[in-house]
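What follows is a set of structures for review.
Presented sequentially are two complexes of chain A, the first with chain B as partner and the second with chain C.
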Partner chain A sequence: MSDHIVPVRVYWSVFITLLVMTVVTTSIAYIDLGPFNLLVAMTIAVFKATLVVLFFMHIKYSTNLTKAIVISGFVFLLVMVFFTMCDLLTRNITAPGR
Partner chain B sequence: MITTAPVEVEAPKNYINAEYGLKSWLLTQDHKRIAVLYLISITFFFLIGGIFATLIRLELATPAADLVESNTYNKLFTMHGIIMIFLFLVPSIPATLGNFLIPLMIGAKDLAFPRINLLSWYIYILGGIMTLYVMVTGGVDTGWTFYTPLSSTYSNGYVIATACAIFVAGFSSILTGLNFVVTIHRMRAPGMTWFRLPLFVWAHYATSLLQILGTPVLAVTLLLLGLERGLHIGIFDPALGGDPVLFQHLFWFYSHPAVYIMILPAMGVISEVISTFCRRAPMGYTFIAFSSVAIAVFGFLVWGHHLFVSSQSVYAGMVFSVLSYLVAIPSAIKVFNWTATMYKGSVLLSTPMLYALGFIGLFTIGGLTGLFLAAMGMDVHLTDTYFVVAHFHYIMVGGAILGYLAGLHFWWPKITGRMYSEAWSRISAVIVFVGFNLTFFPQFVLGYLGMPRRYHVYPPEFQIYNVLSSAGASVLGIGLLLPFVYLAFSLKYGALAGSNPWGATGLEWQTDSPPTTENFAITPVVTAEAYDYAAGQGAKTVVVA
Partner chain C sequence: MWTFLVTEIMFFGGMFMAYIAYRHAYPLAFAAASQKLNIILGAINTTVLICSSMTMAMAVHSAALGKKNLLILFLIATLLLGGVFLGIKGVEYHDKWVHHEVPGPNFEFEGADAQHAALYFSLYFGLTGLHASHMIIGAVILIILIVKASKNQFSAHWYTPVEMFGLYWHFVDIVWIFLFPLLYLIDPRK
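On to the complex of A and B.
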């Protein structure tokens, strides 16, 4: 546990940013961006999650070991997405000569 | 004449007699008492799961549907799988032996978060009660794998209730893993460096990483399943824009590493047992320690071998096949190191060692048949046959349960302070080994000949193998029930164990049996390497103020 004391205004700033980004997410859902729909939605979601992890979960002020543990969680998420996409993106490719 | 009042000799205080009453157990924060609570709970669920297994084997003794109808049979094997995997095998060694021993082995007074440790038990019990609720109100028939679209669309069972039960029980597993990781990082006694840790602790460290990283994925998967089944949100159903294979990806991303959650702690037990009963340090300590971590890491990269016939891309299948072969390397490192430890060692065939020898043989067969299934061509023939059933029972029963029994017998004197009957326990170990092989080896043949799993009606030519298997199950059942008798008997009538009945190294053997609530009267300072049998004693301790 970090001993760092975070000023209350930081928490309020993060909270308000999260609220604003939620409004942005909802608003953008009404606009058809074609192939960018998913990209934009995911970018906003990742940004919000990063704020929560860094400030509300105090990771910004934690030791490197704690940071490494948190990052490893995301690495494993990427592993899951990567191998699942390996399947999805190559499913319809047939072998040469068939 | 002078008379004196009889002097009452008070039994030395330990974690068992430190406090009395139900409340003192249900509100305890002592890792040892929580381990005992877990021991009682998982034993209860093991018996329930065993009853389902008995009914399955009784039904399969004849080719016709004599005992139960199809729907009931589907529920029997589903409940057997769910209870045995989520409520017995996953928590078995970590929550009981790991909980009891990790603080003792590293020279700590307790786990890092004692309250969270107790919370994990209550969460486990809540998950267990929810499962029992499903069981008595109608059950679920999807198989423990919950494959869509059966589970999301067609099943009439209590899918969402069961998913909730597993969702809840999963948090117990996450909290246990979290507690272990923090404890091993932060609470080692002075001098207990990473490479002086017992291999049991290394195995639990690797297991904890799997529990923390994998279990949330299962929780999310079951949540998505519930959303689709309850609210018709399209995630897995193609008609709603979903992908049914996605469910299998997500499910096996947890459930394949879950196999290692079950087997890695057993491997930790086996390393301790073999070292103790061969009177020497394990051959290649560092290799065994890192192979645990390697299994944990590789274990996350192989899940696609469960999907070879699911319309998964052939190219992804090739990658998963190669990666699956790679897991064999750290597994083989362990097996070779254990056998090399025994070579020219002073092997003592006590009960834990008998179980350990059984483990090595059965795990090897289970592992090698896994390579058959990792080969894409072979797997097309063997998928969903009894070959698969035999394979994973060799890993989970022959491996994990034999490892659990080895550990339970090895540390029983430490946990209870009493010795059990060596003769009966050896007989039991042999019966378990014979019964196990008679139960599951014929299933390899059945599967190879083409009998599919999860069917209770089958062609008459398969009956001989099914009869052999059912006969073996009754032998196995006797072998597994015997420890209930002689271990319970030992609680009252067993000889006092003393602090170190096996002459083992390791800090847990240098404190009383049963240990006091604080584990050690003084904080131990470790000055020797682990398994220092050459020096005639284990990790040395010196007094600190």
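On to the complex of A and C.
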């Protein structure tokens, strides 16, 4: 494990940013942006998750092996979503008899 | 520990995939059903969980510096915030129960597509239930850590259990960071 000690002010900045982002994403839910509601909500969620992984979970200060394991976890999640949606989105085109 | 968390990503990932597939298939029913959730309670719970992640990060920080009393204090704070989260979740579940929004024989929905609104609520209970069970397991481990810390079993040289549990707790926080917009913020509020 990394012996790097993260300064407390880094935790505080991350913490404040996470709280602000929660207020922002909740407020935007009251405004109708059409399809952009989903885009904005997910962008903010990914941003928050990245902050937690990098600083609270110390990945910014971890070894390359640990980083590779973390990235592989999320990459394979995206692989699953990508290929499942490739299937679901093209069924109407390829299903026989349609 | 990270290898375990990667398996957890896949564990939750399967349910997230089911959610994405069905939301894609029945967007209107999902949007209508999501209006039934209490966005304020959801936002409060997001805040509570972020606070508990902060106290957990401070607990690991205190452990690394060998500050035993601060470590115990922050672990207890994390446990209390986790309890608040589960309490609010319990209130929300109770609301769903009272309003016949739990899928099953007593399910009632006034929208156009009640069948698929029930599907949304099944996924809601599945995803938040899986998340809440992780919180309950986390709370049990927190109690064990508090006992061990008070018996001086951790030092600045060795606090691996605290650090590992911190990763677990932050992971559970990340799951909620995605659950909140996906379940509560689907459809603009009217």
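Criterion: the second predicted complex is superposed on the first by the 93 of 98 C-alpha atoms of A that agree within 3 Å, B and C clash if a C-alpha of one lies under 4 Å from a C-alpha of the other, contacts with A are read in each partner's own complex, and residues count from 1 in each chain.
We take it that a residue touches a chain if its C-beta (ideal position, glycine included) is under 8 Å from a C-beta of that chain, and two chains touch if they have at least 3 such contacts.
All values derive from a computational prediction rather than experimental measurement.
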item: Touching partner for A:Ile5 - first (chain B), second (chain C), both, neither; value: second
item: More chain A residues in contact - chain B or chain C; value: C
item: Partner chain(s) touched by A:Leu33 [first = chain B, second = chain C, both, neither]; value: second
item: Touched partner set for A:Met42, first chain B, second chain C, both or neither; value: second
item: Touched partner set for A:Arg91, first chain B, second chain C, both or neither; value: first
item: Touching partner for A:Phe83 - first (chain B), second (chain C), both, neither; value: first
item: Partner chain(s) touched by A:Asn64 [first = chain B, second = chain C, both, neither]; value: neither
item: Touching both chain C and chain B, counted on chain A across the two superposed complexes; value: 69, 72-73, 76, 80, 84, 88-89
item: Contact set on chain C toward chain A in their complex; value: 2-3, 5-6, 9-10, 13-14, 16-17, 20-21, 24-25, 39, 43, 46-47, 50-51, 53-54, 56-58, 61, 64-65, 160, 163, 166-167, 170-171, 173-174, 177-178, 180-182, 184-189
item: For the chain A and chain C complex, residues of the former touching the latter; value: 1, 3, 5-6, 8, 11, 15, 18-19, 22-23, 25-26, 28-33, 37-38, 41-42, 44-45, 48-49, 52-53, 55-57, 66, 69-70, 72-74, 76-77, 80-81, 84-85, 88-89
item: Chain B-touching residues of chain A, taken from the complex the two chains share; value: 65, 69, 72-73, 76, 79-80, 83-84, 86-91, 93, 95
item: Interface residues, chain B side, partner chain A - complex; value: 181, 185, 212-213, 217, 243, 245-246, 249-250, 253, 300-301, 303-304, 307, 311-316, 319-320
